[in-house]
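Below: one structure in structure tokens.
To keep things simple, chains are lettered A, B and C as they appear, and every chain counts its residues starting from 1.
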Amino acid sequence: MAADSPILEVDGLTLAFGGVLALNGVSFPVAPGSITSVIGPNGAGKTSLFNAISGFYRPRGGSVRVEGRAIDRLHPPERARLGLARTFQNIALFRGMTVLDNIKLGRHAHMRTGLLDALFYFGRARREEMELRREVEERIIDFLEIDHIRKAPVGSLSYGLQKRVELARALAMRPRVLMLDEPVAGMNREETEDMARFILDVREEWGVTVLMVEHDMGMVMDISDHVVVLNFGQVIAQGLPRDVQANPEVIAAYLGSGNVDDLRRRFAADARKVA
Amino acid sequence: MRIASAKESYAADEALFDSAVQRRWFAALLAALVLFPFAADQYWAFLACLAAINVIAATGLNILTGYTGLVSLGQAAFMGVGAYTVALLENRLGTPFFVNLPLAGLAAAAAGTVFGLPSLRVKGLYLAIATIAASFILHFVFANWDSVTNGVRGITVPPATLAGIALDTPFKLYWVIMPVAVLMLLGAANLFRTRVGRAFIAIRDRDISAEVLGIPLLRWKLTSFALASFYAGVAGGLWAYFFRVVTPESFPLILSIFFLAAIIVGGMGTILGGILGAVFMTLVPEVLKLLVGAVAPVWPDAVVLLSPVRTVVFGALIVGFLIFEPQGLAEMWRRTRRAFHLWPFRT
Amino acid sequence: MTFDWLLLAEVSLAGLGTGGLYALTALAFVIIYKATRVVNLAIGEILMLGAYAFFGFTATLALPWWAAALGALAVAGVFGAVTERLVIRPMLGESPIAVFMVTVGLGSILVGLVEILWTADPRRLPEFMPATPVFIGEAFLAPKIAYGFLVAAAVITVFMVLFRTWRGGVALRATAGDRAAAYSVGINVPGVFSLAWVIACVVAAGAGILVGAIGGISSTMGVFGLSVLVVVIVGGLDSVPGALVGGLLIGLIEALAGFYLGGEYKLLATFSLLVAVLMVRPYGLFGTREIERL
């Protein structure tokens, strides 16, 4: 079934730091238009997985494919150009720039302005910058409701807003797969709900596939189509949220107990705690 | 009190000078620069030329160090490459200055790119020290490649000529140096309205994240090195026309430190900072000289102390600014401006 | 004509002798870097300060050489404490580049002060080392270099032992390992910073007296610090063994390049080596690699 062939496919990915296997034969598909979540206890290898998909880490084995094409030999910027856009767990906004410039930066890989154009700010440079400004304003800033802070330095913003600006920057990257690393970590209930709404809206309006790492079980179970559970660098379960929730191995990994209702309660408690 | 300026288009909001007031001030500044030589004597014309040359080199370094975060102690050496290029072109080919200066910039840019290569592997202080190596290696080439550079004796440079007029005084050269400086400053300012400037700043703030966001580090780090060296090369070319003799000792390591000090004192990562810092650091020794001249009648020994006192003041300025005003003169300027805008209210 | 092996041996020995002084100064540099993460570009000027203080005590105040040496070390120690407190500590948490530039400024201030006090003319230090020629096998070695090397080796050995055993040395190593952890186990971290600066300045001043005794002193002798910079980069900024191996290596290379190629090749040779090492091992031969995280 061609329609369902994955837009992103992780196949047997193995990553080692020294002798420690951070990822061990990790495989899962990401269906186009889906929201796929990767969960797992701390240290399970979730962020390492993201970094390997971004090309920041070189895996020891396995492969990452985008629309069936292996991208293992591509450098991080080339992967970004292919539409692997991401946010970071510890917010990687550039503090020396305004919100607007941070967002514009996301478009870098899709622009062609060279040094000479830039020095004279003529022809292509002017045209590209104007197009970008219009698009950023009309499609991203309005959409994410951050027009009041566009000229603010990012350092002055609240944590929740910074996360939103990171999402805006990822959207400016012309994402095909939007990779969100803990998009709601450290947010209160209200901010979490806002972010969940933005993620769903992004998928609806932009037709973007979402791959996220998240600890907030409530949100993961609410909005995901497919959940992948990592533990000690291995996939121990994947499937629909309700199937994963019922999987005894997942329960053991998380709780060391076999009681499904207990797991549900703990998941819920987890979500509160983060809130 | 000024509140805000309304803008009606994105283009207006993206402009270099984004308010009518700013544009008027800029026009006034340009007019002052045009009128300056007529009001000034040879000494002040000399200083203006020297300051403008330093502004060009410092702005180049500011692009590299202030905006891209790559510390270089090789700026003076790249200036030397430009100066030697001009000296050779003038003596061997006799090409006109408006051809020689860009070529000087390009030659320096080529050298800068080569010596920028370590920036791919090493960062921060390790890089700073690798650029000291560039400084010594180039000095060695200047001093020992006799057949080209004439060794330690150096090369005498004929004056630049324009339409048969020899530009052999600071007053005449001013009309070359100042426009070049203004153009290069505008170019630098433009850079930071585009993806190029954003890439530089992103590399400075966090290069590994920048890479994941689609910025190829190799390309832009080397671009930054090349551009900084281009500025140094043009500055060096102008220097050659200005002082008319180029020797290996003209571009010592201490001159590179001088440029670094200039952007620290002026304010790293702002165009204004490069200008203010370079002008300020050019004028400080002159002010000291004036002071010594003033006290010399009553205290003749002061003349002997001029050079060491200059060294102390140079060091003290670096230390003082870093501790008390790390954002430099540009930040002081901004504060002053804000105070005027908010007048009569206080923040 | 056959190659003069004896000459090679003599040149090499002289190089290693100078290398011992590089290693000693590099040790001072590494102490500061390990404890405070400051790249101290003023190390050469602090060395100069020590030499001039010694000169001042012997020539101007006519003290015997050992008293003058103790005085010079004390001056350097006070300088270290004051500098750390007034200049370095306010810069805590600033970018490494800013701190590095502060030390460049400090160096400039020191050069200016020395020139104000003693003018820029070169001077000779009074003789205080035995002048009998030293032979190692058949190879002749200038006595000053030989004794300089011995003193440097002795001081380095003492420090290596102190680092391992003395409480202050342990605190210093703990702070170098993890500043926050050192704090939390009750180590007086600001005290360690001061201590590191005092020790390093004293060591550098001692090296300065030896360097001055061998080659005379002048306000430009701070360029010795440039070679030391090469040493620590090649060896690894935070590595004591790196400082020692690097010191001997750079001393040797400078001597060989200087003798066989000519004096102007000295810096060229060492700085070319520096670039080569950086390209292959960006953190020096023995330095700790910093791991970057996204």
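Heads up, the rule we're going with is that a contact is a pair of C-beta atoms (placed from the backbone, for glycine too) under 8 Å apart; a residue touches a chain by one contact, two chains touch by 3 or more.
Computed from a predicted structure; not experimentally measured.
K.L.:
Which chain has the mean of its C-alpha atoms lying nearest to the mean of all protein C-alpha atoms shown?
P.N.:
Chain closest to the assembly's C-alpha mean: B.
K.L.:
Please identify which chain has its centre, taken as the mean of its CA atoms, farthest from the centre of chain C.
P.N.:
Taking each chain's C-alpha mean as its centre, the farthest from chain C is A.
K.L.:
Between chain A and chain B, tell me the centre distance in angstrom, where each centre is the average of that chain's C-alpha atoms.
P.N.:
Centre separation, chain A to chain B: 42 Å.
K.L.:
Report, in whole Å, the distance between the mean C-alpha point of chain B and the mean C-alpha point of chain C.
P.N.:
Chain centroid spacing, chain B to chain C, equals 33 Å.
K.L.:
Between chain A and chain C, what's the gap in Å when you average each chain's C-alpha atoms?
P.N.:
50
K.L.:
Going by the touch rule set out above, which residues of chain C reach two or more other chains?
P.N.:
Touching at least two other chains: 294.
K.L.:
At least two other chains touched by the same residue of chain A: list those residues.
P.N.:
Residues 54, 56, 88, 92 of chain A each touch two or more of the other chains.
K.L.:
Please list all residues of chain B that touch 2 or more other chains.
P.N.:
208-209, 212
K.L.:
Of all residues in chain A, which touch chain B in the complex?
P.N.:
54-56, 75-77, 80-81, 85-86, 88, 92, 94-97, 101, 104-111, 113-115, 117-121, 125, 128-130, 133-134, 137, 169, 173
K.L.:
How about chain B: which of its residues touch chain C in the complex?
P.N.:
By the definition above, chain B touches chain C via 65, 71, 117-118, 121-122, 124-126, 128-130, 132-133, 136-137, 140, 143-144, 208-209, 212, 257, 260-261, 264, 304-305, 307-319, 322-323, 326.
K.L.:
Help me check something: in the complex, which residues belonging to chain B touch chain A?
P.N.:
So the residues of chain B touching chain A come out as 10-11, 13-14, 16, 187-188, 190-191, 193-199, 201-202, 204-206, 208-216, 223, 227, 269.
K.L.:
Within their complex, state which residues of chain C touch chain B.
P.N.:
It comes out as residues 39, 87, 90-91, 94, 96-98, 100-102, 104-116, 119-120, 226, 229-230, 233, 237, 264-265, 267-268, 271-272, 274-275, 278-279, 282-283, 292, 294.
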